[in-house]
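These notes concern the structure reproduced below.
A, B and C are the chain letters, set down in written order, and residue numbers restart from 1 in every chain.
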Amino acid sequence: MAPTTPTKPMTFAYAPAPESRSVVDIAPSYGLFINGEFTEAADGKVFKTISPSSEEVLSEVAQATAEDVDRAVKSARKAFESWSALPGSERAKYLFRIARVIQERSRELAVLESLDNGKPIRESRDADLPLVAAHFFYYAGWADKLAHAGYGPDPRPLGVAGQVIPWNFPLLMLAWKIAPALAAGNTVVLKPAETTPLSALFFADICRQAGLPKGVVNIITGDGATGAELVGHPGIDKVAFTGSTEVGKAIARTVAGTSKKVTLELGGKAANIVFDDAPIDQAVEGIVNGIFFNQGHVCCAGSRLLVQESVQDELLDALKRRMRTLRVGDPLDKNTDVGAINSAEQLARIRTLAEAGEAEGAERWAPDCELPGSGFWFAPTLFTGVTQAHRIAREEIFGPVLSVLTFRTPEEAVAKANNTPYGLSAGIWTEKGSRILWMASRLRAGVVWSNTFNKFDPTSPFGGYKESGYGREGGRHGLEAYLDV
Amino acid sequence: MSDRSERLSVLKTYKLFVGGKFPRSESGRVYEVTDAKDRWLANAPQASRKDARDAVVAARKAFGGWSGATAYNRGQILYRVAEMLEGRREQFVREVADAEGLSKSKAGAQVDAAVDRWVWYAGWSDKVAQIAGSANPVAGPYFNLSSPEPTGVVAVLAPQDSSFLGLVSVIAPAIVTGNTTVVVGSEDRPLPALSLGEVLATSDLPGGVVNVLSGRTAEIAAPLASHQDVNAFDLTGAAPELAAELEAAAAENLKRVVRPQAVDWTADPGTRRMLSFLETKTVWHPMGV
Amino acid sequence: MADVTASDGALRRFLHGLPGVDAVGLQVRAATLGTRSIKTTAKAYAIDLAISMIDLTTLEGADTPGKVRALCAKGAHPDPTDRTVPKVAAICVYGDMVATAKEALASASGSDIHVAAVATAFPSGRAAMPVKLADTRDAVAAGADEIDMVIDRGAFLSGRYLDVFEEIKQVKEACARPDGGAAHLKVIFETGELQTYDNVRRASWLAMLAGADFIKTSTGKVAVNATPPVTLLMLEAVRDFRAATGVQVGVKPAGGIRTSKDAIKYLVMVNETLGEEWLTADWFRFGASSLLNDLLMQRQKLRTGHYSGPDYMTVD
């Protein structure tokens, strides 16, 4: 027809669109942030943190010892006296200040997060950072309204909170921990994950800019041993942990017989259930967002697709077509959809489980995509022909790997969805409202997304049933974890 | 006590209450229960780990129906328990007086308070979701609602001292929201608990919602703590050392644990116990045409 | 697929059996695609592609032959200072201006540019069927290469799907030329009036079943014209229609697309929903007027490295 199309022999290939690294200035080394100051570890030990997309060393951070943990807890204890005595309205203003500074520095922090974690800048910029700021803003407003939260006329803080967070959403998990703790009048010692310590250390600087009193927030870096020291320290009143179910159980054993209050946000193996009357294009988006968001490093990832047999072929065709358009690569490229796997260790775990999937007879499929030569990468992958007996249907892979199962009736969908020790989240896709409510009431999961997936908001309580942990983060419910009620 | 009884009374064989039935312990064991002055009262069944297992099976089986019943229905049944208890007040006064060494009037006050507690919790059935839930104003076009749901099967170690008021005060808050329970009565004072089973059986409460065991607390509690199909554990009746052991064992499947603490059973119980055995479920739904 | 149009009932059952559209999910997807960052070589390619896809439009009561001639000159040589700029795809006018446009294009060495005429009592569609058909035949006879018809939204919204189907079919027949060829038929839904995304999906299938060569969002004459979500939904519809029938249909968003940034977002949607096969003026068009100058300004910026201004673009 119209012969005016450019004759240039090229396609609409997106040119590289790298976000500038120059907005972030990473120091060659960082100490522990205790009592408002950066100090070396007692024994001077350090470890390197690398960029998982290139294996480039980003910085060296201190490996906190038992002595350092003790120092941090004592600093937090000392600060607790005055912090908890402040009027709530004053605490609120500090938190509002923090929220604002985060908004001001959000591009810097997004780039930093993508560098240290490997997640696409599109997600750190559009999801992580806005949610981090919103979380502080939300809990800031609670600080002087605790008497109205439904926990009695004068709810008291617990004291010192020991908080251990994972590497998948480093700064967002920090916000989920620190914002409600401080709003309720607690002080904190927070340990970021070993592979993603940097944004927490930058947060220390944000506390400085906000003028937060010394010792209210202490950041200690280290590995699992440091985390265990913190959780086991007799001077803390509260443990908050997000991470694996295995470590969560160890923590629950550690605190047994103490008076420490505990909240645990652990693993999941969520079912994303698609009925034959689903809005199919949006369901495909929801499935993709459910399992490939953040490389599948999401505790509430929709890692089990339960599709009604009558639409299985149509849905899988559409899903594969969509997966072919996913752009895997440089996390700092603004057009990247799927970034790097966070660590060599995690990559090995994903590979092991994917191989188990094949060995157990499931059919593996991944779109053609060229993976970068250095760094840790795993192509978006789906397995069909999976049954509830397969390891890839039972174990949390924590990577971009989707297991596809089928069902015939709503009862069967519920039975299969609930047939797991986990209970963090679930998805339902159907145009029938009454079925959504029926399903939602029967799914044993703390968050149910109907006709959507992986949505988060500071006002919305998040947390699991069963072995996905206990306690809620977010909303009015999230305050309870930090109040003596 | 008169030394010339007009007639020889008929004694009751106390039995466990499991799945709505009254079995003896599968182990065939009993143990002597005495009053506060060490006088023999009865031979109570000494439940075994297998009795505990059977009770968990019964509680799990009952969970779907009980948690799925309407809040109004559960409230009516809890109120019915109060009605039935009122009618058997004298029996419980006697048992509580014997068990705790109380005067008739003090025991009567305990039983009255226990009846009133059932009434109090009965009224909570259709209100707890309104105080524990929330409508969440998320920053986007989504309808977002959080509601409480029962945790599942709750193992309860009833208080050792308060054999009836304390017992009722730990059972009612667990079941009013839809949980089902395996309750271990006070080790030395189990008779009011076993008799409560008889009341529950005639109060329209579905079998298996409350299962009552008697025996050695530590022996029965251990398999409950490690049982993978128990979702929560109320350790109220455990001594500190035992409680720590049980809490550690309960970590294996991340049971929700309520640690023992000093409680004044006559005081306003508040909502803490009810809320301890609830999960919060948050449902998101887009709003659009 | 013939069965589904056998009766009003069958057509209704078919259209209402299409998968539903979740509005929020659709909007989120369109917005996410809108965050693509198209830079340097990709941007240069996209700008030229967008220019070549424009149906350069004037649809005013005040249109005159002079105005139409100026538009044709602009379409043939969008940037008089730069002959590497591609021509637009078509000039879109009212039926009475078709002959003028054909002549003007021929004299501006733009005879390879199509002339599109709006028809069927554009923009309201409120006229008797014989009038609509006469309107169409008239434009075709005057040399229109393309006919942009509007559907009877009243009939559609009241559920008389078969009436709308027959209307499109008859207009399609009226597009035939004596030489055996036919003007290409674009079917305008006026999505702003259809209100719901479910309606847009149904209208898309209805039009395609009736023989539409293109489906088009809007007339540009109502408050809500082309939007990214509506266009994305129509792209999905043509994708699914080809999978079901083997017939490829084009898509034309129209109204409200004024900036290069917006145009590139649409091209990204086409690229990631349909791929290369639809990334030509044969299968994707922009119904626009002021968009062209913005594309030209951006093109100059890329070429010269500094920002241009409106004084350096021709106003017609």
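Please note the rule applied: a residue touches a chain if its C-beta (ideal position, glycine included) is under 8 Å from a C-beta of that chain, and two chains touch if they have at least 3 such contacts.
Computed from a predicted structure; not experimentally measured.
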Per Cα centroids, the chain farthest from chain B: C
Contact counts by the stated rule: is the higher one at A-B or B-C? A-B
Per the C-alpha centroid definition, the whole-Å distance linking chain A and chain C comes out as 43
Give, as an integer number of Å, the spacing between the C-alpha centres of chain B and chain A. 38
Counting in whole Å, what is the centre-to-centre distance of chain B and chain C, each centre being its mean C-alpha position? 70
Please list all residues of chain C that touch 2 or more other chains. 22, 24-25
Chain B: which residues touch two or more other chains? 140, 142, 286
Multi-chain contact sites of chain A, meaning residues that touch two or more partners: 451-452
Within the complex, which stretch of chain B touches chain A? 131, 134, 136-140, 142, 144, 146, 151, 231, 240-241, 243-245, 247-248, 250-254, 256, 259, 272, 279-286
Considering the complex alone, what residue numbers of chain A touch chain C? 1-6, 8, 10-17, 122, 126, 277-282, 285-286, 325, 334-335, 431, 451-452
Quick one: which bits of chain C touch chain A in the complex? Just the residue numbers, please. 19-22, 24-26, 28-29, 35-43, 45-46, 48-49, 52, 86-90, 112-114, 184, 236, 267, 271-272, 276, 279-282
Of all residues in chain A, those that touch chain B in their complex: 134, 150, 245, 248-250, 252-253, 256-257, 259, 264, 266, 421, 436, 440, 445-452, 455, 457, 459-463, 465-467, 469-470, 472, 475-477, 485
Quick one: in the complex, what on chain B touches chain C? 140-142, 286-289
